[in-house]
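Paired with chain B in one complex and with chain C in the other, chain A is shared by the two complexes that follow.
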Partner chain A sequence: MARMRFLCDIERCIDCNGCVVACKEGNGVPVGINRRRVVTINEGRPGERSLSISCMHCSNAPCIAVCPVKAIYQREDGIVLVNKDICIGCGYCFIACPFGAPQFPKGDTFGKRGVMDKCTFCAGGPAPTFSEKERRLYGQNRIAEGKVPLCAAMCSTKALLAGDGDKISQIFQERVARRGTGAKAPGWSVAY
Partner chain B sequence: MAGVANTWGYGAMTNSMNDIRHSKCIFMLGSNAAEAHPVAMQHILYAKEVNNAPLIVVDPRFTKLAAKATDYVRIRPGTDTAFVMGLVNEIVTNGWHDKDFIQKRVAGFPEMCEKASHYTPEVVEDITGIPASEVKRIARILATHRPGTVIWCMGATQHSIGSSNTRALCILQLVLGNMGVSGGGTNIFRGHDNVQGATDMCVLSHSLPAYYGIKDGSWKHWCRVWDVDYEWMKSRFHSKEYMNKKGFTLARWYQGVIQEDKINQYTPIKAVVFWGCASNSQSQYHKLKKALDLLDLVVIIDPFPTMTAAACAKDNVYLLPSSSQYETEGSVTSSSRQIQWRFKVVDPVHDSKDDYWIMNEMVKRFGFHDKFYKNIKKIPDDITRELCKGSLTIGYNGALPERIKKHTLNWETFDVDTLKARGGPCDGEYYGLPWPCWTETHPGTPILYDISKPVAKGGLPFRARFGTEHTYWNGRKENLLAAEGVYNPGSEVKGGYPEFKNIVPGTNWKTDLSQKTIKEAIKRGMAPFGNARARCVCWNFPDQVPVHREPLHSPRPDLVAKYPTYPDKKDQYRVYTRFKSEQRPELVKKFPYVLITGRMVEHMGGGAETRSNKYLAELKPHMYAEINVRLANNLGIRNGDMIWIESPEQGRIKVMAKVTDRVDEKTIFLPFHFGGMFMGKSLEANYPKGTEPYAIGEPANIVTNYGYDIITQIQGTKEGLCQVSKA
Partner chain C sequence: MKFNLTSNHLRVLLYTVFLTAAGASALAANYIILNFGNISTTQAFKAFPFLVSPKWEAYANDFIPFVHAIPGMVWPILVFIPLIFLIHFFAIGPKNFSEDGERILFYGAFTRFFHWINAILFSLIVITGLMIVFSKALGGGGLIQNARLIHLSCAYAFIVTVIPLFLVWLKDMIPMPHDVKWFLILGGYLSKKATTVPAGKFNAGQKIWFWLATVGGAVMFYTGFYLSDITSRPQSELFSLLKIHIILGLFILALFITHLYMSLFAVKGSLKSMISGFKGKEEVKCLHSKMKI
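Moving on, here comes the complex of A and B:
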């Protein structure tokens, strides 16, 4: 069984935010909710690097472990999803997540949060596949259509890879091996 | 583009985006492709990764592209020619130039070297701020990594010596022998998806479509194509003089209204039509706004009301809502000279009409509908057919609508590396029939001036466009045709030859509508436009060889004396244009910081469309100015503070400070996509209700300075001065 994963190639990501906008447009995500973000470090200085990040669909996902109502579950292919009919908006998952993936609509009173929203790997949700309810609550179900998630499909430099973990790691390994830039091992650039 | 066309024949990208995959070195000057051309980055990064190609980025700003560079070179704005000629000098001095290529295919080399010899690494360091050792190091990288490609954008062109900058870059490639080969070339990235198409159709004031110019012969050629009477056409003009007189340019048209500079036209301009054009992308915008308020009529044809509509204080505006590209169809030409058919996705929504409908209704009301649409029955196919028929200069004649559609519908059959179809219905042809596509069976020309292929298979020599012989200022006479032994495989003549003419008496390859001349040339294995040398010396330019001239508003008064600008130009595109009289060395005392502008990836052009998209507006909601950390601290400005930026022309804008190391201590950077504010005031109430953009801000161009290129009159928005203060 395929294990779905994301991989962002840091040498390729140019911080264009194409992934972010594709995700939002394609899934009808409200303004203020970010299923995916591009993070940049050392901005404007040598060593500037960007990375596109979302829910990483962890094995042993901490969000699942802390959810008091068992609203979050993991599919057989590794995709972690939330059932919005069950979620109570407590925010434990947000605190547990190492990537800041769970998102909540901004409420007007303290503690009044809506249900959690996060990256679905474009695999819809627990509502019937291709149903109106699935689309409204979770967005597209491109996995069921046999397509890769919108973010990876849109990536202008093919930095963001998504799909079966074995396959994308193979693509990435081939890419690294073909890079003429050497092994990048410590001391490599000064060795003679 | 004028600089490029005057070097070797055509003013377009010589290779293609995909061909960059074969480069052994990528030299990018005045380009921030990571933000302006993100999709092209996949080819650039591929060459960097797979070929281990050095990626050299020359820019005043540490851009997102610079973040991907192997070698970043910070340059003082407006000194590109000095740097590039310095590289040329260093390459020639060390004997790294391609002697065989230069001897056989290049003209004016010794004369060029004489001028370049001034730019020693030490002189370059003084002018550009780039250390002499860096000049030497970069020259060595270029010499040891061939073929390399040179890429530039508006960072190179938007200067008072923009056309010298582009020529210097061409000379660099000639000296390295990087022309006419895969992985080499000058790859000039155009701004939008159809800028090359718009240029080819000459949406310009000095030429009819396909670069025919506006002389009598050009008008007669197009009148034959359109099948209208030349005398009738003449009768439509105020007088014959104006039929052949270059018009106002996009950069300076508003002077035709406000007349702060003297104009050379019998009347001021009374009406203006903006068709898909953002007025806030023009410099000294506060003066343009003055013009908007004086005009009798302003027509805006656009999917959004645009900044122009909001800027007009007078009730003189008509908005014609046009549909987007997804709601119409037709041919578009990419930066790589490739033509593609854009199919319609949905019918126009929100009561908008497509551009063809709007044009049709206007022409009807003007009363020459019968003549305008004489050859056009089916829209848009017949429009493409008509333009192909007339555009012989750039070989659009083979790119018929049926062929374009076939390519677009079968694009999976083309190879990503070579652009060539392998099998399938387009077997052997290059994707999008890159022009020139000489005949209905020609595969297109993927790389210009490549003599390794027969002309019939997409090869070409340099174009013979500048005569057959020239005597230089030093008395040396040179044959401008290519040397013996330089020819495309199968050529009847085994060396240089002039252009084809009089195959059909009284015509040449550009004006023979029967296309017999072109077919005859191809049959004989030769290029219709001849086989000549590329020029290092352009005797029709004020600087025959590119030399450094300080920007009009320079931060270095000492260099103004040494490298002064040109004398004023009395009649440049119908308007008096100041050079010498505008170059005031004392200006830097009151306006101590250099001002540059550029793009951000989230917004596009004037931003009317992207600032009206909630997700893009969410990502980049504010207009800002990039200011260096040291400068900000010295001025007591903190990140997020509001600041005033003022120009020598009394333009001022209030924007948010973004404190960053991207720019150096002397430079302020502004993105130019914002609109909806004007010198501290919101214009939001001026938009029709419900059409206000999600993000509004001050147009950067309110503070961009006076200054225009000597040849093309492109605005010098990458070399102004400004003052900064806390708001």
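Moving on, here comes the complex of A and C:
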């Protein structure tokens, strides 16, 4: 079975934040929660590079290992999802995650954290596929519709690739060979 | 030879100036472009993790086993300390003092009022804290979410209402040399006889409980505050805060159980004295022998 992966080509990313907006709008993510964000190094200086980052859907994911109530699980295709009916909002996954991916909405009472929210690879959640509950809690299920995640679909420079890990690494390697630069993509050595 | 500046010469000069300028700007442009690209892709990749979760490699390997060890640290305290007290209750038994005779006002109305407010808040914090620790067994989800909400709200209330009690009791809670002697005989709780134990208004055990609940409570509040606002600190610091919160919590839990046992079972009439404010003179003379009455 195909192993779903993200890859951000930092020689192409132009820090337009289109992926961030697409994700937020398309999945109805509340203000203050960023399932995906763009980080930049050397901003305004020589060597400026940007990286669009979200949950990397790690193999052997630290968040799954740490979750005290086993609310996080991994699908056969590698997509890591959270069950919001079980999550207690303890925040341990945020501390364990190498990418700062888990996000928490702030509640009204003393700013108490709600349940964890993170990138779903646009694969919805454990609620029945295409159900109202799935849409409300987890967002779109584009994978079940046969589409790639919103962020990668809209990326104007096609810096952000998502899909079958073998295919996207092949695309990336072809690019690298053509450019004659670069090696592995950011995060891959940690995530996979 | 006479040098004539012809138009030919002028042309050569202009060309030279132009070519030099063009060459120089081309070199400059080349320099700028090269310098904008002079960070290798690999170098860039290595720079990103510091923006995302600094020092992840350093703490993550310890963090996961620590989290899973928490319930294993807490349940022995919940089981063995009550067990010790159960044995004490049946082997040695509670202390009994006559309720007749002169009675001494031990706790004023103000003290009692704040004691009970704090008692309720503290118990709720301990119970909900235990629920969070044993969230797996309780099935997680909304129940624990609500427990966390109570844990947090009560902590905010407690940190305010503990202040009056702290100030009222502070002068009687300063450690004294006779506290060491109290410890050596474990407060006389190992003997069936009503021995006179060295203690002022509060004995050494009560003092430890006092400092753990007030100053310890403040540390719990501080660490818990930042843990509740998890994006306020880098993840590695959150782990250190969590360690403090849990380890100190273990001690507080142990003393909390001890306090329950002492006030509810080990000293007869202890609970009543915190309701009425009065203790029998015989008890005070015995258990708080150094108190001036």
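Worth pointing out:
Here is the rule we go by: the second predicted complex is superposed on the first by the 174 of 192 C-alpha atoms of A that agree within 3 Å, B and C clash if a C-alpha of one lies under 4 Å from a C-alpha of the other, contacts with A are read in each partner's own complex, and residues count from 1 in each chain.
Everything below uses one rule, namely that a contact is a pair of C-beta atoms (placed from the backbone, for glycine too) under 8 Å apart; a residue touches a chain by one contact, two chains touch by 3 or more.
Given the structure is predicted, the values throughout are model-derived calculations rather than measurements.
In the superposed pair of complexes, A:P46 makes contact with chain B and with chain C alike.
Legend: residue contacts after superposition of the two complexes on their common chain; A:V31 is shown touching chain B, with no touch to chain C. Using the contact criterion defined above for the overlaid structures, shared-chain residue A:E145 touches neither chain B nor chain C, since it reaches no partner. By the touch criterion defined above, A:I95 lies against chain C but remains apart from chain B after alignment on the C-alpha atoms of chain A. Contacts of A:E11 after superposition on the shared chain: both chain B and chain C are touched.
Contacts of A:V20 after superposition: chain B is touched, whereas chain C is not reached. In the superposed pair of complexes, A:R175 makes contact with chain B only, with no contact to chain C. Using the contact criterion defined above for the overlaid structures, shared-chain residue A:D166 touches neither chain B nor chain C, since it reaches no partner. In the superposed model, C is the one of chain B and chain C that contacts more residues of chain A.
Of the residues of chain A, those at positions 11, 46, 48-49, 181 touch chain B in one of the two structures and chain C in the other. Interface residues of chain C, counted against chain A in their complex, comprise 35-45, 47-49, 51-53, 56, 60, 63-64, 67-68, 70, 132, 135-136, 139-142, 144-145, 148-149, 152-153, 156, 227-230, 235, 238-239, 242. The residues of chain B lying in touch with chain A in their complex are 34-35, 38-39, 41-42, 45, 49-52, 62, 64-68, 72, 601-602, 614-616, 618-619, 660-662.
Taken in their complex, chain A has these residues touching chain C: 10-11, 39, 41-42, 46-49, 51, 53, 62, 65-66, 68-71, 85-92, 94-100, 104, 107, 109-115, 181-187, 190.
The touching residues of chain A, when paired with chain B in their complex, are 11-12, 14-18, 20-21, 24-25, 31-32, 43-46, 48-50, 156-158, 175, 178-181.
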